[in-house]
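The structure under discussion is supplied below as structure tokens; questions concerning it will follow.
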Amino acid sequence: MQEAMINKAKQLLADGIVDRVIGWKRGEFVYDITPAIFETAEELEKDFVYDDFTAANVSKYLVKESKKEGKILAFLKPCDTYSFNQLIKEHRVVRENVYIVGIPGGPKLDAEKIKEKGITGILSVKNENYTLKIETVYGEETMPFYEAVLDKCASCKSKKHMIYDELLGEEGDVLDSNRFDMVEKLENMTAQERYDFWREQLSKCIRCNACRNVCPACTCEKCVFDNPDSGIENKAPADSFEENMFHIIRAFHVAGRCTDCGECSRVCPQNIPLHLLNRKFIKDINTFYGEYQAGEDTTSRAPLNEYKQSDCEANIVHERGAE
Amino acid sequence: MNKNLKEQVLRSCGVNVLKCMRCGKCSGTCPSYDEMEYHPHQFVYMVERGDIETLMNSKSIYKCLTCFACVDRCPRNVEPAKVVEAVRLAAIRQQGNNHMNPNQIPEMLDEDMPQQAIVTAFRKYIK
Amino acid sequence: MQRIGVFVCHCGTNIAATVDVKAVAEALGHEPGVIVSQDYQYMCSESGQNLVKNAIKEHNLTGVVVCSCSPRMHENTFRKAAASAGLNPYLVEIANIREQCSWIHKDIASATEKAIILGKAAVAKVHLNAPLTAGESPVVKRALVIGGGIAGIQTALDIAEAGFDVDIVEKQPTIGGKMAQIDKTFPTLDCAACILTPKMVEASQNEHITIHSYSEVSDVKGFVGNFTVTIKKKARFVDETKCTGCGLCTEKCPMNKVPNEFNMGFDNRSAVYIPFAQAVPKVATIDPNYCMMLKTGKCGVCSKVCSVGAIDYKQEDKLIEQKYGAIVVATGFNPINLDKYDEFAYNQCPDVVTSLELERLMNAAGPNGGTLLRPSDKTHPHKIVFVQCVGSRCDDSKGKPYCSKICCMYTAKHAMLIREKYPDTEVYVFYIDVRTPGKNFDEFYRRAVEQYNVHYIKGMVGKVTPRSDGKIDVQASDLLANEQLHIDADMVVLAAAIEPDKTARPLATMLTTQMDTNDFFTEAHPKLRPVESATAGIFLSGACQGPKDIPETVAQASAAAAKAIGLLVKNSITCNPCVAHSDELMCNGCSSCEKVCPYGAITYIDKEFKMPDRTVAIRRVASVNPAVCQGCGACTVACPSGAMDLNGFSNSQIIAEVDAICK
Amino acid sequence: MQVNENKEFQPLIVAFCCNWCSYAGADLAGTNRLNYPDNIKIIRVPCSCRVNPMFILRAFQRGADGVILCGCHPGDCHYTSGNYFTRRRMTLLFSMLDFLGIERDRTRVEWVSAAEGAKFAATMNEFTEAVKKLGPNRRLEDLRCRKQ
Amino acid sequence: METFTYYPGCTLRTKAKTLDDYARASAKALGISLEEPSDWQCCGGAYTTAKDEIATKLSAVRTLNAARAADRPLITVCSACHNVIKQTNYDISHDEEFASKVNNYLKLDEPYCGEATVYHYLEMLRDVIGFDELAKKVVNPLTGKKIAAYYGCLLLRPSKALAMDDPENPSIIEDFIRAIGGTPVIYAQRNECCGGYIALEDRAQAQKRSSNVMRSAEDQGAEMVITACPLCMYNLKKNSDSSLPVYYFTEILAEALGAKEDDNE
């Protein structure tokens, strides 16, 4: 796939259809893949990477990039296209300035999960019949492929691209995922258990802002938490309240807009399952107001920006389930 | 007034008798009006007042044809036929209060009478 | 540095009996920024107000907190007082220590404590109050009236009388509406045409009134004082300016079997037609559904006979755009379709008619020249049954839940007119209740019973069965006699419920006005603002707001006109300054705020921003029109970045109050 | 912190009331001298839709034990639709607080019209009782703000 | 060939054999296969509207469950059976309490909650085959015949549950009559009761009702009346003072399709 992508990018650059390419580059380690801009065929040849560790969603970068002069080529995985569509809906990207090539998505790998098996010094990985062959500085190791898959890919919602100018590879389908299982499990706990669970998780938060910075829905010109005038400016979680506050407000701000791309949890250095907060909102919205998938289209109203006279009352929260 | 009986009838028919605006359309449309001592609108009103026993003791409860004309034409969606049905059930459910005895049936029959009529009559008259 | 004055009112003993006002004044005097804190018997009295005014001047105050009754009571009083002392009126805050403290608590200690907290919250808020100036927005001195029935005509005449230009948009070829179809009017029995047609002529001749007949409103933009409306003038294939209304074309048109809607289909008209003799404008219209020339290109008779060359088969719909300061909605009503109620055999028997049809059958200009004849065989009916409440007062699943209001009276009128003209005709009226609240109304109904011997029967018709001998079997209940009746009638007249015109709902969407579930326009306040919609600059006239008879319609029409005139006489309108505003630097341009704004007050502009790196970026940002915004604040919560804030109730002000209360 | 063992727990409750219905309803409760606890402190907002979830969290942070939001009945909003948006926002916010294990009964939305003074008082009595039962807010407080 | 589950009901086995025979013959001619469940029971004759009456509705639920199991719509012909089964199906899908009580009684493998589709034979003609298609298959059109459709009460009401046609302005049988070449006669009493089961106890009342209906039809110039109900048939024929012929709609359908003779062999 990487080869095909490089060729496609080179061709589009050569034909003058695009001026720049957003792709990925390798960092210090083999699993350390970050988005990068390429302007020439040489740069592409040299640094462009697309492999099983390439999970980063480049949609958010297009908020800035698409406002620059010229056209940019973006390779979008199915999940990324949802994010991109949502950004179009919110007028955050200039659609005309982006040439989208849809590429097949994951499952992508989680280096942390490989390391958890005690495998270090990773040099390369290869998926052979769902067995992961890992070449390390200490020799070859193997592990079942699916045990190394990113959580967000394990509960993939769709293999279908919502938007593209051109497609590389086969188009997939929207999937029936099990993504709400964990939310449901938590819902079925007692309030005390839920409280304990989240205290344990959120107390790990170091407010590195990685979740906010990676989130394709968090594209505010200025975040309320960085704004002294907002009344809730908050740079570090000085108290358990602030840990809660940050994540509740963040989830609320993206409620109805979050496409469930899972990047927040992927990048969290403390491994807090932040996506569960977003999924809780998605699940509630689906139950209360009808199925809604942000990023599926560019025109429908976000659930919090519309209403029905027949909507349920807020006390539904008090009436259902176990306390 | 028998409060329990009223509640039982209201529960059984599932009708909100308070919706009635007393227009009398049910009685205007009822095909059995002339055969009845108490008429559909009276059923609704008397149930509202709790005067159920009077209705139970009246032959009117066996005169409703269950044609649902009052149900469909009631402007207030009150469904008087359901009230009649509930009062009739309250009556025949009482011990020994069957309206008809199976032994009476043969003499009522003629050879063309479809059994549908008998089955229905059984439903209506006997518990 | 803030210089805040606190004024604690005793309200006689209303406050002072349960709240230690001195202690409150004392405690609040220690709050940061507070430089004067006083208490007084009646702060709202003239001397109380003077106390406030003098303190403002003397201490050069930057903010005022009055601890008194509800702001709903005296906020304006103290704002005016502040303004007269040279302090911006929006720098005044009220702490409600009467309704929400002294009146509901008994314990002096805890009530005093609570009053102090409420006062502290007000002080905290006033610290952040900004001086606000109410904006102004110019008013276009022209009104639009949508609908040309009696409501629209009356409104237009009244507005024109005040010297303002006013346009009437009417979808039919003529103005006049339902009243033009009515024979006589209750309770005086004068002829509808005799009192309506002079008004129609007056409207057409008034130099301030422009009538757009055969036209529809297709788009509305803008806001109070400054609406831009697109009107579609439908092609009538006749040049209005040339046509003299001579009617020759209508006589010569070979396509003369078109059901005449003005006479409820009881007779025919031609494809080119003038709805009725007194039509305004008296101009022919070609019905494209029937005209042979338009359908097949063959005919052209009307064009040949027209001496002034007014016929124009090539005419097309025309859009005109016009600016208005005020809009009056007068879209009226229609009788409901009766398909659902065919137990009354309306679809089966031509002699079962609606009341509006009866109006035409009895009208001197109607199909029978005023002689009441059965539609089926043109014979004189000797027994007529009237059925009331057909489709009115129903459960939602069965019809309209409301009382149509006019039926009792027009039925009494019909019954009386028939008995007057044809004493040999028996008239029965089946009623549930007879509702006659109106001047001379019950007297009128009693006359029908006592003088004209109309048989009023309490009960309802259950089934109507037309028979081949021409009679109609009417089966009904007589609740007072406890009997089921069968009447051999010659005619049955159904008082069909009335409903708002079908065009009302799409219009309401264009106007961003509210409607109830029955599609009647909702007034701004059911008692105190009955002719205004909740949307500023849009007024309601006639049956579009609820069932109404003619006198009520005319009264409301004039009231709506008065409200519209009240707006048009102003050169500009003062806007509520407590409106939303967007911080362009923070705005993402995401459109969330626009989606939740009930007034369409938010638009987006592309704006250039100088970036830190000296480049210029063009960003889409929200812009609030302060003349349209009503200040609800829905947008402030929809905005994820907090760019949107609300004057007078800003994020920081509310948070300051929360903090003060929770401290 | 000093706790007076003999004194019943007195919760602090913030009530956000829309100017047109609920605030007027509170005034009516006052006019009719209908008692409700002084634990309730009302903040006036133009419309229930002005209430940002942020304000509610802020109140809890600063030591409120309960927050109640009152607005016009659905369909009666002075601004047409504000309370419909409120309803969705608060449903989701309360559901999220519940998901995080915060006691459900600390938050509530009630529709109170300008004519419902009695309902306002009854609601406030009831809500105060419910919050009293829960005791002080410990799960969503900022320890630094705790009263000494 | 489309297959449906077919519920004849007990009267069609005895007094109303012709209604059944012609329904089957016509279905065959129309290329429809009717499959009868092996163990159907009587529908109960009349639907009891009382909410606290469960036992009398169970047999209808069994029939509906059989149709669900076969995964085919259920066709009924007799108006009474149709009424009972459709009302049961409506209530079980709209009244949770009723549904749970019924399912507690029946202990089916999978609770029945109104999943089956119920068609009256006429609805099948209208909605599955289509009257236009039916018209094409007519070989002996009843041209010029003035036919009065008698709906009675059970086919139309309660309209909320039956949802077959407009209860005051029905057209399904009239359209059917047009499809087979006849001329429908509209008369006001077409949706009024014939007297129904009252014939058993109070023949005089049944006579009054039926005569009313027949007179109204006669009055509007009908040459024959058609019905879908054996009890209506009985009352209109036996208890009215009219001599107007009454037929089952299936009989004239079979005649129009030329299926009448074949079947009677």
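A, B, C, D and E label the chains in the order they appear, each numbered from 1.
Quick note on the criterion: a contact is a pair of C-beta atoms (placed from the backbone, for glycine too) under 8 Å apart; a residue touches a chain by one contact, two chains touch by 3 or more.
Treat the numbers as computed from the prediction; the structure is a model and nothing was measured.
**Q** Hey, how far apart are subunit C and subunit D in touch steps, shortest way?
**A** Minimum step count, subunit C to subunit D: 1.
**Q** Which chains does subunit A share as contact partners with subunit C?
**A** Joint contacts, listed by label: D.
**Q** Compare the CA centroid of subunit A with every other chain's and tell me the farthest one.
**A** That would be chain B.
**Q** Please indicate which chain is farthest from subunit D, where distance is taken between mean Cα coordinates of the chains.
**A** E
**Q** Of the chains shown, whose Cα mean is nearest the mean of all protein Cα atoms?
**A** Taking the mean of all protein C-alpha atoms as reference, the closest chain is C.
**Q** When the centre of a chain is set as the mean of its C-alpha atoms, what distance in Å lies between subunit D and subunit E?
**A** 59
**Q** How big is the gap, in whole Å, between where the Cα atoms of subunit A centre and where those of subunit D centre?
**A** Result: the chain centres lie 36 Å from each other.
**Q** At what distance in angstrom does the C-alpha mean of subunit B lie from that of subunit A?
**A** Once rounded, the distance between the two centres reads 65 Å.
**Q** In whole angstrom, how far does the Cα centroid of subunit B sit from the Cα centroid of subunit C?
**A** 47
**Q** Which subunit A residues sit where two or more other chains touch them?
**A** 224, 230-231, 304-305
**Q** I need the residues of subunit D touching at least two other chains; which ones are they?
**A** 53-54, 58, 81, 85, 89
**Q** Specify, in ascending order, the residues of subunit B that touch 2 or more different other chains.
**A** Correct list: 69.
**Q** Of all possible chain pairs, which ones touch?
**A** Result of the pairwise touch check is A-C, A-D, B-C, B-E, C-D, C-E.
**Q** Applying the document's contact rule, which stretches of subunit B touch subunit C when the two form their complex?
**A** Those residues of subunit B that touch subunit C are 19, 21-30, 33-34, 39, 41, 69, 73-78.
**Q** Provide the residue numbers of subunit D that touch subunit C in the complex, in ascending order.
**A** 12, 14, 19, 23-24, 26-27, 29-31, 33-36, 38, 41-47, 49-55, 58-59, 62-64, 78-82, 85, 89, 121, 145
**Q** Hey, which residues of subunit E end up touching subunit B in the complex?
**A** 9-11, 14-16, 42, 44-53, 56, 78, 80, 152-153, 156-159, 167-168, 192-193, 195-202, 205, 209, 230-231, 233-234, 237-238
**Q** Quick one: which bits of subunit C touch subunit E in the complex? Just the residue numbers, please.
**A** 339-343, 345, 347-348, 397, 463-469, 473
**Q** Can you list the residues on subunit C that touch subunit A in the complex?
**A** Residues 585-592, 595-596, 604, 617-620, 638, 640-643, 651-652, 655.
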